[in-house]
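Inspection log for the structure reproduced underneath, given as structure tokens.
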Amino acid sequence: MSQSYDRGTVEDFGRWKEFSAGMWAWIFHKFTGWVLVGYLFTHIAVLSTATQGATTYTQTIRGLEALAIVRVLEVGLLAVAVFHILNGVRLLFVDLGVGLEAQDKSFYASLVLSGAIVVASVPTFVSGAF
Amino acid sequence: MAEHYSSFNRGNTRWFLQRITAVFLIGVLAFHFMLLHFVNHAAEITFLGTQARMSQVGYFGTMIAFLVTATFHGVNGVYNALINQGLEGTQKQAVKWVLVVASLVLVAQGSRTALYMAGIIA
Amino acid sequence: MYEHDVLVIGGGGAGLRAAIAAHEEGADVAIVTKLHPVRSHTGAAEGGINAALRDGDSWEDHAYDTMKGSDFLGDAPAIETFAKTAPEEVINLEHWGMPFSREDDGRVSQRPFGGLSFPRTTYAGAETGHHMLHTMYEQVVKRGIEVYDEWYVSRLAVTDHDDPEDRVCHGCVAYDIKSGEIAGFKATGGVILATGGLGQAFDHTTNAVANTGDGPAMAYRAGVPVEDMEMIQFHPTTLPSTGVLISEGVRGEGGILYNDEGERLMFEYGYANNEGELASRDVVARAELTEVNEGRGIDDEYVHLDMRHLGEERILDRLENILHLAEDFEGVDGLEEPMPVKPGQHYAMGGLEVDENSETCINGLYAAGECACVSMHGANRLGGNALPELLVFGARAGYHAGGRDLGEAKIPTGPSAKSEDGHVDTPVSPGAVDAGDGDVAADGALVEPQEVIQHHVEAEERRVTELLEKDDGVNHAEVRADVQETMTDNVNVFRNEENLKEAVEDLRVARERYQDVYVRDPSRTYNTDLIHTIETRNIIDVAEAITLGALAREEFRGAHWREQHQERKDDEWIKHTMVSWNDGRPDLYYKPVVLEGEDKTYEPKERSY
Amino acid sequence: MSTGIQESETEADTEEQDTAAEESAAQRQRMETKRQRAAERDLQEKAEEELDDSENAVELKVFRYDPEVEGKEEPRFDTFHVPFFKGMTVLDALIYARDHFDSSLTFRHSCRQAICGSDALFINGRQRLGCKTQMVDLDWPVRIEPLPHQDVVKDLVVDMEHFYDQMESVEPYFDPEETPKKSDLEEQRQDRENREKIKMSTRCIWCGACMSSCNIAAGDNEYLGPAAINKAYRFAMDEREGENMKQHRLNIIEQEHGVWRCQTQFSCTEVCPKDIPLTEHIQELKREAVKNNLKFW
């Protein structure tokens, strides 16, 4: 709603502390969604080296994968994707009107599960880079 | 507020497609991750490997579908998020067309790359 | 200046119904209300709406029950009009989509209620008033009726003829709470007062903070006599700490009252051997207080209302919101333990004198709802009879003001209906501190509508400016608290001469202190300090009229009980107590009760339950 | 003196000039002195209060703002120490503070029993009804602010117009295709199940708490908001209205700023004092709408 004057601390400051589960879920889902689209565009850009010929492609991918930073980012991407998927599933259930009473619990569950999956996958992702 | 309706409601369709694509993406994205990070480690990707996979019609088709749905899902999501922030009028139109063009470019470039990968064009 | 055909002051049940009715007659209507309509106290009504709808029931029975309930102080033409029209009005609500509770066959449910010979109370869960209010507001939106919400009406624009019956009401003066604008409102067809209850004259009440008796006080000062003001209903089941009401529906469904000794008091001590808990409200309220006074109360304050035996399913189905109320406002779980209850001020049977067309003695001025006294409740209102009253007489006010011919009224109004002078001894003289000058100028000097309104707008502006500018003085809240305290101490369920006189004195003191009130908040924006200060004056005026009536009526009838006069005196007291303002000096007189109905005359009988 | 005051004074002036031009200069002078004194007294009393910090008192931190009054045209928090009693609600505490310390403290309230919907406030970071919130259920000190995302008129009073507009934009009135004649006393039958279905949705008291808690409503001024959608649900699901009306109602909630804006944040459902399952109702409408459109495919 439009603000006709500055309510100062009342509206901008510290409000995030008062967010509830559903709001956090919304914020995280948004954030992860954006990261994923961003990645989609970069990903296609990188893969486009395939149009420059087989070697360029292989070298680019290998070169990138050799960088530790890329591996770390990949883990981040995995986290983002896993959360987005799990919370996406949660949202799909909400859309179907299933388990609405447990909406906060299912959000926490998505968080915890994402964490677990990411931790479990770290070895696979970073192997060979360090 | 409630004066103007059209019988074909875009909000409705887009909302529905967002969910349908999401359902599709759950499967494909999981498959994609599994295949390229666990079965074949990303670091061991070569053009040849890619070409081998891409030459299979089923895989090729899946990847194109993946590309299209992900693009729709992602771009539509971004568009929604922007509208939720109260984007109106020309701004909204501008954003809409930028996003439409971006997705078309993305899908075109993606498909072209896929064709290269499959060795159909070289 | 704003101009409409019909102005409705108040957006509660009565006001909304009146506005819709006037609109149906083709009038350009506007509602002016200090609260947004959906915030009106009609929303708090829980129990239900009485109407004779079913086979085996008849409007005649409903009329008789109402007359008997009124302890034969109700006027038959009003009661009969009411009982005949109520079914149609209730069905009308159903047609407007009100979500009534339903029977298996899809028809509107009805349940038993105190004092009724047939289960004729229609209801919507335990939040009947909420649904009724919202349903009607929806219809107002549908019709595009203009609503000036958060406009406080502070004065009626009435001509200055000496005789109130010659006066004409041309509109009112209102104050836009949000901006501080004071404006005149002109009505060419009529002004309908529907400002609701006056519970804030007492300190333990089921009424809202906004129920300050503004309508009665404004019109009283403008010349409309107030009728039977001493008849205040105390509801037997309110929560002790807040006054929040536990609906009669609980007793209707079978809830039981116990004293500290675990006895079912209504039967154990013979307060009502037939009806028990379902006896009329005054009977139950007095029974509870007697228990407390005789040492059988719990914590010396209240008794228990138990509904646990009804079973969870039935409670959840029909009385769910009672559970919430007991939990939120008293911290008690009604499924697990009995609920503490005590009597609290609930309803004003008396109010502005009107006839069965809702017209006052001032031309063009109507009143409907709790602020009016068409005298259908007489000395005691039956549960579930107020909501249909809002519908029936709200609609009649609207139709009449909108131009429909409702026929000649049979109930006489105005000082000319006087049958007898009244007299009470008061320790100090009641009425305005500066009685004599003020509200009324020379006879008939001010008649031109435009001028009348302008005159009143200016007077109001002066008053507001004075209050805002005054720099030091008394905070109205103190005065208000004093009034509420003395009313609850002295003009309660049990009344005696000494205490009533004490109240008259206290009210005099309050009036004098009120001369010095000031509004500390200097702002024009949303100044509730100012609004409450103006309201407090109205509270004093209605409190005084209540006390004078109570002092005058030396008998025990319905809700009114006097220690030295503990019997109903039909020979002497089948008459209405009237108080008129008379230029600042309250004038007490009587007017006969009309017991002749259309085809029969109601014979006073003992009211036993 | 700040410009804020001067502005509002000129405004007050014009208003007064309309009615009593000759008085205005002197009056302004007097009002000015009064404002200053009121401000001084405020300070003094605040100081006194702070001394009286007895243990059985609740500390309230109350948001204050008044565009017209010096010292209040900048939003600030005032502290009040109110004696505590068992069963005290936030509204009780506010009333006490107003009646005993500062009568200019402004807030809406009326019924004291959670039915009029006047006193939705932002209490300790959450939208609640003042009259329905027990002091003991809160962390002390208790912070009380006006509803977020709504324009503040003064102190705790917010402008509800926008909320009302949204409520009224969904054609919130019963409008069946045909109505029996009322003089025949013929009812429109409704089975119990159907009443049960709409029961929760009919409980809304227009308090605005839900709307204030919704981030989408905060970002998109035209979003109908949970309460209005719930209102539409109440009618769309009422079988007495008939199929055509239901179609019409689905069209209303399907508009650009209707149900599709809802991102299932659930805050509305969490704060609703009447426990209306708002998110559920919104979601059900979305599904109805989709089902409805699938029919045409």
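We just call them A, B, C and D in the order they show up, numbering each chain from 1.
Everything that follows uses one rule, which is that a contact is a pair of C-beta atoms (placed from the backbone, for glycine too) under 8 Å apart; a residue touches a chain by one contact, two chains touch by 3 or more.
The shown structure was predicted, so the numbers you read here are calculated from the model rather than taken from an experiment.
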Looking only at C-beta pair counts, which chain-chain interface has the most contacts?
C-D
Distance between the CA centroids of chain B and chain C (whole Å) is 66
Chain A and chain D, separation of their C-alpha mean positions in angstrom:
36
Quick check: how many Å separate the C-alpha centres of chain A and chain B?
16
Whole-Å gap between the CA centroids of chain C and chain D
27
Shared-contact residues (touching 2 or more other chains) in chain A:
91, 95
Flagged in chain C as touching 2+ other chains are none
Multi-chain contact sites of chain D, meaning residues that touch two or more partners:
67, 171, 221, 263, 286
Run through the chains and report each pair that touches.
A-B, A-D, B-D, C-D
For chain D, which residues count as touching chain B in their complex?
165-166, 169-171, 216, 219-224, 251-252, 254-258, 260-261, 263, 286, 289-290, 293
Quick check: in the complex, which residue numbers of chain D touch chain A?
63, 65, 67, 74-75, 125-126, 145-146, 148-152, 162, 215, 217-218, 221, 263-267, 269-270, 277, 279-280, 283-284, 286-287
Going by the contact rule at the top, pick out the chain A residues touching chain B in the complex.
30, 33-34, 36-37, 40-41, 44-45, 47-48, 50-51, 54-55, 57-58, 61-62, 65-66, 74, 78, 81, 85, 88-89, 91-92, 95, 121, 124-125, 127-129
With touch defined as at the start, can you tell me which chain D residues reach chain C in the complex?
12, 15, 19-20, 23, 27, 30-31, 33-35, 37-38, 41, 66-69, 87, 89, 98-100, 102-104, 106-107, 109-118, 132, 134, 153-155, 157, 160, 164, 168, 171-176, 179-180, 182-183, 185-192, 195, 198-199, 202-203, 205-206, 235, 238, 240-241
Under the stated contact criterion, what part of chain B meets chain A in this complex?
19, 22-23, 25-26, 29-30, 33, 37-38, 41-43, 45-48, 50-51, 67, 70-71, 74-75, 77-78, 81, 102, 106, 109-110, 112-113, 116-117
